[in-house]
Structures are given as C-alpha cells and as structure tokens.
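Per-chain residue numbering starts at 1, and chain names A, B, C and D are given in the order in which the chains are listed.
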C-alpha cells in the first residue's frame, strides 16, 4: 500500500479511536452493527459513483435515478397502491430502469460531448420527474414481505442490507480489478487519448460505466425503499453529494484514474462513523454539518500532506 | 516529384506501399500526393522539416488518419485502414511521437492494451496469462522491466521499451513479418538509451520492416537502409545512406543549401573581462547535492549527464520550481530567491522547459498571450494593457525571430514545434530584462532548420550578455554550443570541461566522465 | 403597500368566470401537499374554474420567482392565490408583491408574528394550526400510552421553521406536566423519513431500552422511526406519535402501530384558501364583513387515535365546506 | 544591478492578424441563441409571457443568480470549482439582517467584505493545503451553513428597516430592476478588470494548463486565492440582493441556488474544466436557467413534466453552447 492509500484508513482509525474514547455507547457491538447497516446504502451508491469518478467524470444523478427507481419498485412489488406483485422481477425492472437512466447520461456524454456534470444533472431532474409521475399523490407502501425483510432480516448479526452492500463492494472491486470494463475505466481516467491510439473505442466503455453506476443507484434505491417501507421521491436526495464526498475522502480522485472501490468504501465508513459518532457524543444538531465538513477537509489535507510538492496541480 | 519513389512493378519484397496519399486540414495540406514503399527486412528512414507531414503520413498507415485520396497496399493488396486494430491485423504498428502509455496501468496491461487475446476471457482479466504475454514481449527486446510495475513508476527510457514491446505484439496478429513504425523515438532518449534502441531496431530488421523518423540526420543515416525525404507533404526523393551525408539530406528537406553548424563559429563577440553572473554554492535538493557552479555573463554552459544525474532538477531548482534544502545562489552578486518561479522571473531568470506541450505552452491560447505570459507588464500602462503597444511588441518579436504563424492571435497549438519553441523563447525576451536563461532541451523535436535558428538565437543572446545554462539534446549539441561543459553524475558535478571554439573536446571525452 | 389611506376595503367586482385560481405548495411528491392541490382542484371544479398548480421544490428563491412571474403576467386584479410559504421569511415578500399587483391572497402555515393580514387590502386571510397545541396533544397521547413514565426521544423538523419550533414547544409544555417522563435526546431529522430512520437507529443504540416513546414533529419522521424500531426488533414496544395525518400514518394508527397523529386536513386547506379568495373577488363576501379573527386564525385540527382513525382512512372533502357562508366554519381560535 | 540584455527586436512590418475563425465566433453566439429560442418557445406556449412586466420579472429573478454565478465563474475559469457560494450567500443574508440595525448602509459593505474573506480563506486552504477545491468548498458549504444556523438561532432574521438596502430591489423608471443593473455592473466591472489587465491571460493560462502557468512565473497561488475571494464577495452581494427582496435573512435562504448557479456557468459555455469561457456568458446562462426554473411552471407545465423538461432542456442548452474545439476530452 502506498503512502497515498494509507491516509484515509489511518484517518478512519483515528476517528474511531477518538470517538470510542469519547462515547461508551459508540464502542458497543450493537453500534458497530448499526454503523455497518447505516453505511449499506451509501456503500452501494458509492460503488457506482466511484466508477464514474475513475473515468474522470462526475455523476450528480443519484438523487433522480434513485427517486425514480424507488417509486417504480414500490409500485411493482406487492404494495398498498395496486394489485401488482412482481416480486423479484419488480426489483429487477427498477434496477434496469436506473441503469437505463445511467445509460442516457453516458450516451449524452459520448454522443453530444456534453460534460457529465450537466448530463447527470439533467438526468437527475428527469428521474425526479418520472418519480413524481409514478408517485401520483400517494406514497405507495411496500407490503412485499421479502423486500421488507431486506431491512429487518439478519444473518450472523448483520442485516441483509449490510450483506448486500458487502457483496456489491466485492463485485465492484472484482469488476474494477479483474474485468476489462473496470481496467479500461481506470485507463480512461488515466489517459483517455491513449486508448484511441491503442485501438480501443472509449465511448462504449464510458456508456457502460454510467450504466453500471445507474444500476448501483437503482439497487441502492431498492434498499432505501425496503428500509423506509415505501417509495419516496426524495429517497436519494442526500446520496449525490454524500457518495462523491465519500469517494473523494477515501482517495478516489476527481481527476480520474486513481483510487477505487475499496478506497471509496473506506470513505463511506469514515462519513458514516462521523455522522453516528457526532450524534452519540451529543454534538448539537446545528453544528454537526460544520464539524463534519471540517473533519473531512482536515482528513483529506492530512492524507495529502506526504505527497505535497511544488508545481503539483490540484484542481 | 520523386525519382525513385514509385516502383513500377511490385516486387515481392515490398510489404507496404503508398500511392498518391492526400490529406488536407483546414488551411494546410499535410499530405500532397505522397508515394512510399517499404520493403521486407529493411529500416526505412523518413526525414523532413517540422510540419513536412511525417507524422500524418505514418498515422494514415495505422488508421488514425483517414486520407482524402490515395491508396495503401499491404503485400500487394489494397487495404482500407479504419483504425489501429485494422492496421495491427495487417501487421502494422506504431510507436507514437508523444508517448502513448496509460500511466496508471501496469506495463503488462499497456503492452496488451487493445489486443489482449487470451489475457482476457469473457471480459475478465487473467493476470497470470497477461503477465506471461507481456514478459514474452519484454524478453524479445531484452528488457528486464517488471511487467506488473505501474507504468508511471518507470523511467522514460523504460517506458519507451514498453512501447516497443507493445508494438511488437502485432506479430501475433499476422503470419507475415510486421511493419513497425517509430516516430521520433530518440528525441527524448539519452545516448546510451539510443544505442540500446538501435540494437533493437537492427534486431527487428531480422524479421520485420521498420520505418524510422528522426530529426537527427546522422542518426537516420546511421541506422537506415534507405531514407525518404518529405517536403511540404510531398515525397521529394530517396537517399541511400551509403553515398550521402547529412548535408545532402538537409538540402533535400529544405530545398536549398544548408548551413548547419552548431559548432562555434569565429565571430562571437564577448565582453573582454568575464563577469560573474550566476554563482551556485553548495546547492542541494532531492536529486542533487553539493553543486558549485559559476556562469559568466555571455557564457553558455552546458550540463550533461545521464538520466537520474539530477541535471533537470538542478535546472528547475535554479528557477524555484523544485525545492532546495541547502546552498546559496546569487545572480549578479545578489541573492537569488528560490522560493518559486515568480521570484526567479522577477529576478530576470528565464526557463524553457523540456516538456513544451505540458509545461511550456498553453495550447489553446494565442501566440501573443503565450509570448507575454511571463512578462505581463510589457505593453502596459500601469496595470492596464495597452493593446496597440502590446501588439506592436509581439509583432516585432514574431518577425524578429521569424516565427511562422498566420498571426499573433493564432492559437499556439496550431504552430509547428519549432515555431512553438521560438514563441516560448521569446516569452523571456519581450521583457528585455533576462539575465540568465535556463534551457532544458530547447531543441527537442525540432527539425534541423528550426534547430539552427534556435542556436543562432542562443548565440545572439549570449552576445548581449545573457548567461545560459543549457541541457542539450545531444553531446554534440552541448559541445557545439557551450563555452564550458559541466558533467553531472549521481546528483553531483563530477567534471568541468572547457569548450573554447578552437579546442572542442570529443563526445567520448565527456562520456568517460558521465558514467 | 400598507392599507390605503381612505381604508377602502377592496370590493370584489370580478366576474366569476374571470377569476384565476393559483395554488402553490412545495412539491407534488409528498402526499400531504399533493392532496392539498387536489383539494384546490376540487374547489375550482365546483365553481367551473381550473386551478393553476405551482410547486417550488421547497426552494424559497424559486417560490418568490414564481410568484413574481405569475403576478407579472397580465391583469392580476382577479387573481386568487392560495399559498404555502416555504418559511416564515417568505411570507412578507409574497404579501407585498400580491398587494402591489392587487391580487387576492390567502396564506397558510408560515407567517412571522408581527405581520398581519389586517394591514393589507388584498391579503385576505392567514390560516394555520396551533403547533404548540398539536405538539402537546400528541405528547399527551404518547405519555398516556407510555403509562405516564419512561423515556422519550424527540425528532425535530427543519430547525429554522416555526412549525418545528412550536411543536417542540408543545412537547416541552407536556413534559413539564409529566414529571415521570424523561426527554432522553432530541435530534433533527429535517421532516425526512430517511433521516429519521438513521437518527432513530443511532439513538436506539445510544439509549437502548430506556426509550419507550418517540415523539416526531411530523408523520414522515414518525414512519421512519417506526421502520427503525421494526429493524431493531423493537416494534410494538415503543409508542410513536406524529403530526399531519398522512395516509400511511393514519393507517398505522388504525392498526395500532402508531399511537396518534394530528390532522390538519390537507384537501380542505387546498380548497379553502381558494374559496375565501374567490368569494371575496366575486363580491359574495365583503372584506368589510370579515372579522379580524377570520383574517388570521388557527383552524380546527383533529387528534387521530386508534379510536377514530377509521373515520380518517378515506379522506373526504365536502364541497359544501367551500360555500361562501361556510368558509370560516373551522376557525378555532385567533392567532396568538 | 548590471545592465540587462539589450537584444532588441527590429521593427519590421506588422504581422497579419489571425483571429477567431467564423465558426468560433458563431459558437460564442450560441448562448444568446439558446436564450432567444427559449423565450420564443415559452412565448408560444403562453403569449402573455413576452409582455414587458413578465420580462422584467424574469430579468429581476435572474439577477441574484447571475451575481452568484459570476463570481464562481472566475473560480471555474481558473480550473477550480466553488460549491460554497450558495451557503455563503445564505450566511451573508443572515449577517446582513443582523447587522443592518446597527451598521445601516455599511452593513452591505461589511457583509461583502466578510464573504470575500471567507472565500479567500477557502482559496488559501485549497492552495496551501493542496486539497481539491471541490472538497474545500464542500467543507466550506457545511461550515457556513452551520455558522448561519447557529448565529441565527435557526430562524429567519427579519429586517425591520430595509431602507439601507432598498437599492437592491427597486425598479428604475418602473421598468428596469435595480438588481439587474447591479448584476450587469458586477459583470462589467469584473470583465473589464480581466480584459484590461494581464489578469485575463493569467486566469486563462492557469485554467488551461497550471504547470505551464506556474513555470511562466504567473503568481498562480495568489491568483487562485483571489478568484475564490471574488467568488465569495459575489456570494455576499447575492446575499444582499436576496435580503433586499425578501426583507429578511435566512440561514438556508440561498442554499438551493448552488446547482442553478453552476448550471448558469456551464450553459453560458464556460468549460467546467477551466480556461475557456467568460463572464458575459454566465449572465446569459443565468437568464436561460431562470427561464427554465420559473418559465416552465408559469406557462402551465405540471410539476412532474416540468422536472423532466428542465432536465432535457438544460442538457440541450449545453449541447448547443459548448465550444467543442476548446475542450480536448469531455469528462
């Protein structure tokens, strides 16, 4: 592990130690499980964001994509709104819809050459529109027992959601490390121009990455829907910036080609631990955001410190 | 048109043939009916000025540039190359002028990139296979690089080797011998690395054909079996190295008599008494230490050394671009502030970086903007730009250095390399206050003509009292241009060799000190 | 625009067909506000008009921009707006803009105390609900369900809204009278179900079994808390209360998963604001006849417990309530 | 000091001008084209939309957004991004409302000063700690929000006497919104400052290629700090304008303007990667974004379709205004 890689895990460790000293409740097993559970959705969403960041692009569409997916899954599984009961197929459709929205972002980037910042912002608005259409005035409540059990069921002490997140992170890590898609995503972030010289058409891979990111958001939305017990338009609202922050804090750089899924997952844990710990040690709700922001900045600064040199470009 | 360029009947040994290739860009005709043939087991040289169309021609051969007209034949068969993969399938591969490796991947991945074959099955990497494949390629060229090392952790020369290993992958695609294109592979290599490369080229000739491009004409004559000369997008002739010298080649390239001499001529005006301008005492940094150095006003001092000798870092350190840990530097007796380029600029130090594209020019900005970037006060009244005044100054320098550009508002990236370099040099001259010039490979990638113009400019500046520290492109250049050569090795200065116009040392004398 | 010097109360002279109806809420993506707009449509249909539905995504700036844009679009003297200001601070600019454009305005929920409809010609009424009262009512119901002793946690709303503050004040008042109840912790979950879920989980870890009641400043958060309890395996062991009577919450109350909620009757709110404005605009109601109390009042609200939840399961809005004689039927008390 | 070099350029004939090509000038007109077509489309949907009061309202609504985005444009041109502007504008609104009773007219100046300092502080953190501006300003965003919540007690701060800031929300000759004049003046002053001094090419060079800019001796670090300082100052001024029109300050008042402000910058044709773009473009971008934000709902598009249309149109607008020749790879 390089110096750059070591920063975020060390920061995570320090924060965990400090919080454990400050709060007896923090260091209970129950709380550890709770943190893992709370990190589950963000971890899955961040898997998607990470791949987009590896490309050197940015993805602001999580909010909209998750909203659309959440409502679609809520009305397709057994629910309080209609008589549909597609079960696992409903979940699949929701994830596919999310992937399709991601695909649209990617296509717009590749075909129209519009920066991802804008395409994903636009797609987010479109997703929210779709969600509002499906919502149609009343929240569809999820009745489907198997989907509900995602949030409540436990295996070896961890909720199913946590396990899903673990599996997602492993899959994403595998994709990043062992598949052409993952390595090419890395390569596109490293030197996009070069790939063309090697006869690789980057367009399809970019679209695939955005599509995969969409799928992760869709799965994240299904998880949120299971947690909340109904389809919410706003279910993804907080995840856009949270996932980007988590990825960057973990060492996945915005310029692309650096970091990866495991880095980002460390970032997710760091943020979740902070949110949880600040509540437990009783920091006033007004200043929690500020304290969290400061710690993030300090963590990144400290992690970056050993690499500092003159003429280094930081955007 | 060429006398020998077109062969009437296709001899079986011709592997690649190009006829009447035309490629026009807005405003330029890069290729204007080029003919070319490459034979089995030969090294074919390609010479021409900057912008003659060499790279464009080669890029059409690997499918990166679609020609407007003309035909390409591979082993007598007309082909249409749509992309690099097409070309590779026909056995043509290229090492590009600018390095084209993905820095954050392993050497192995770069070597197989784009045609992974068995290294990827159903989209999934098989690292062991990939490693073996890459190792096989590296073994071919006798390189000992670890295939799983990240590319950005390799030295420049090692990366060049990776590129060559990569291009050799096309052997697997074709049963016949491949055509390997090397576009200016030597411009950034050290002499010893160049020698290694040439060994590889000669070895390649055993089973492949090689197209070789370089602006160092003696190199071309040395390694090639035949040399084509391009001028203004046309093939103007073929030269057999056996019965030609660099001068002949150059004459064909520019269409008139050459006057290449970078060895000091007679009439160099000098101050009578040498005046100390730059003094360096005990300077140390991450890559060098205990550096003592003096440069007089009007003196050109060349620093030579192999990769890792620390000379580039020293040069940057004098400009404040890398940090120093100890030492004292004065300029005209005053302490030189090394905290950053800004301070160095203000003190009258100018720096021309080696990586022109990344560190020198701002591509999309205009010639005028690039020229005034460092001396922004030029043409200003107080803090306010007076456009007329600034334009006049820029125009004067454009004609003074005969920079060939459509105009001062043209984006610098549209200029040829030599002209770009002149703009960067002019950047330090427009202020009229430069006292020390740090030139890091100022002629890298420039053609002979552009190079001699840069030489002329350097001499003229020296004549007016500017002290110059030169990191030369080749030992010949260093010896030719410098009044004194300083040899660095392992971060220290190990020797100083005087180079007066009448008593130039031989390159061999220097090499002895370097290793 | 303050009151005209001559005090001429604007007399409605609009042809009923010329009246334009605008209903504006934060968004259509939550059931309460969606039902509000539906109520507005219902009223509009009852007088043969259409309501223009506006939503501003909870963005104060967007709300202001929309209002000004609407008011800049031609003749506004027969325009009737039923507006839910995003926060207290948004009311004044809306009121001023409407007054200047001579459009009729009814606002609901948010208004700074010192701002009074009586000072304006065209701002007919402001109606809201006694947040202190609702906060106290559900707290009382909660404490009763807890048997008068135990620990509660409070989930606050968006901190800079009056609703959040008033409701919490109601809780504090109730706590004062119930010394057996201990407020273990209070956190904001920004009226959001997802945040409530996360915060509740954390607080459940922090306080464990000490928690026997959860007071939430709205139903969304209560439902989030309910989910958290389910996931912590404590469903049914902790009493939960909320405010708003969103369908899911009413259902939860009727199924005894939740203890209580308070209904403000969204569809009615959406209709009544337009109805008041329409009646004044057409002259059926004379501004002079509207009492000071009717211009700024707390509307009736209903505590829903398992006993009466059945009545609220299917929301029914009676158009008769929108008749000009009945528009002030639900005035419960003057604004404090 | 010894005599510096005396090599002098000869004064030969001037060189022909090589300027922007026709297609380049055309792409620089694209933002205006997008704006005009949007107005036409909205007017077709609802003819009354073209009326003078309606247009005045649009221009007025765009003004605070334009001021907010104008400052951030400079940070973007330098190759950074400022995500804290909206939160800083909210904080400024609170500060202004709190200071007005004691400071009167000076309060606006004080607020802009404080906001500028806050921006500069972020710039310094970005430059000296070498943290990406995205992260610094994201941290700044939550920090400023917290400060605003704490000092305001999480409640809006009413302005009793809005006399000293009435200049921010009046109509000149009953037609021209004063806020729009403020926005135009801000943009004009900044644009002039950039155009008339070397700052312009410093900013462009830094945005396109920071290493080259540094090695040309450009004071990149102070320049970036300055850019974030201007960005902060503009956020402060936007806060003042918002207080002038809402008669109160609120700790979350402007928070929702962040993404619209960035959208305004990009729709104007400024490259989010830095270097290429300009302030006037942002002014046009702010108008486009405002039209999309309020125009759609006002002409009667329902909430769900409004969102969908907004998403589609904003991408279309950027697709139109983007100068693809200036950005090598699209990220």
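The rule is short, and it goes like this: a contact is a pair of C-beta atoms (placed from the backbone, for glycine too) under 8 Å apart; a residue touches a chain by one contact, two chains touch by 3 or more.
Quick caveat: nothing in here was measured; it's all calculated off a predicted structure.
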Two candidates, C-D and A-D; the one with more touching C-beta pairs is A-D
Taking each chain's centre as the mean of its C-alpha atoms, give the chain farthest from chain B.
C
For chain A paired with chain C, centre-to-centre distance based on mean C-alpha positions, whole Å:
34
CA centroids of chain A and chain D: separation to the nearest Å works out as 29
Averaged over CA atoms, how far is the centre of chain A from the centre of chain B? Could you give it in whole Å?
45
Residues of chain A that touch two or more other chains sit at 128, 132, 193, 286, 311
Residue numbers of chain C (touch at least two other chains)
27-29, 159
Can you list the chain D residues in contact with two or more other chains?
149, 154, 211, 214-215, 303-304, 306
Chain pairs that touch, by label, are A-B, A-C, A-D, B-D, C-D
In their shared complex, at which residues does chain B touch chain D?
275, 277, 297, 319, 321, 332, 334, 340-342, 344-346, 348, 351, 353, 358-365, 369, 372-374, 376-377, 380, 383-385, 391-393, 395-400, 405-410, 427, 429, 432-435, 460-461, 464-466
Which residues of chain C touch chain A once you look at their complex with the stated criterion?
27-31, 34-35, 38, 156, 159, 187-188, 192-195, 197-199, 201-206, 223-224, 226-227, 230-231, 233, 246-248, 251
Residue ranges of chain D touching chain C (in the complex, touch as defined)
46, 48-49, 51, 53-54, 56-58, 60-61, 64, 149, 152, 154-156, 158, 242, 245-254, 256-257, 290, 293-295, 297-298, 300, 302-304, 306
In their shared complex, chain D is touched by residues of chain A numbered 55-58, 60, 64, 108-109, 112-119, 121-130, 132-133, 192-193, 241, 244-245, 248-249, 253-254, 256, 284, 286-294, 296-297, 300-301, 304-305, 307-308, 311-315
Please give the residue numbers of chain C that touch chain D in the complex, ascending.
27-29, 52-62, 64-66, 68-74, 87-90, 92-93, 96, 112, 114, 158-160, 162, 165
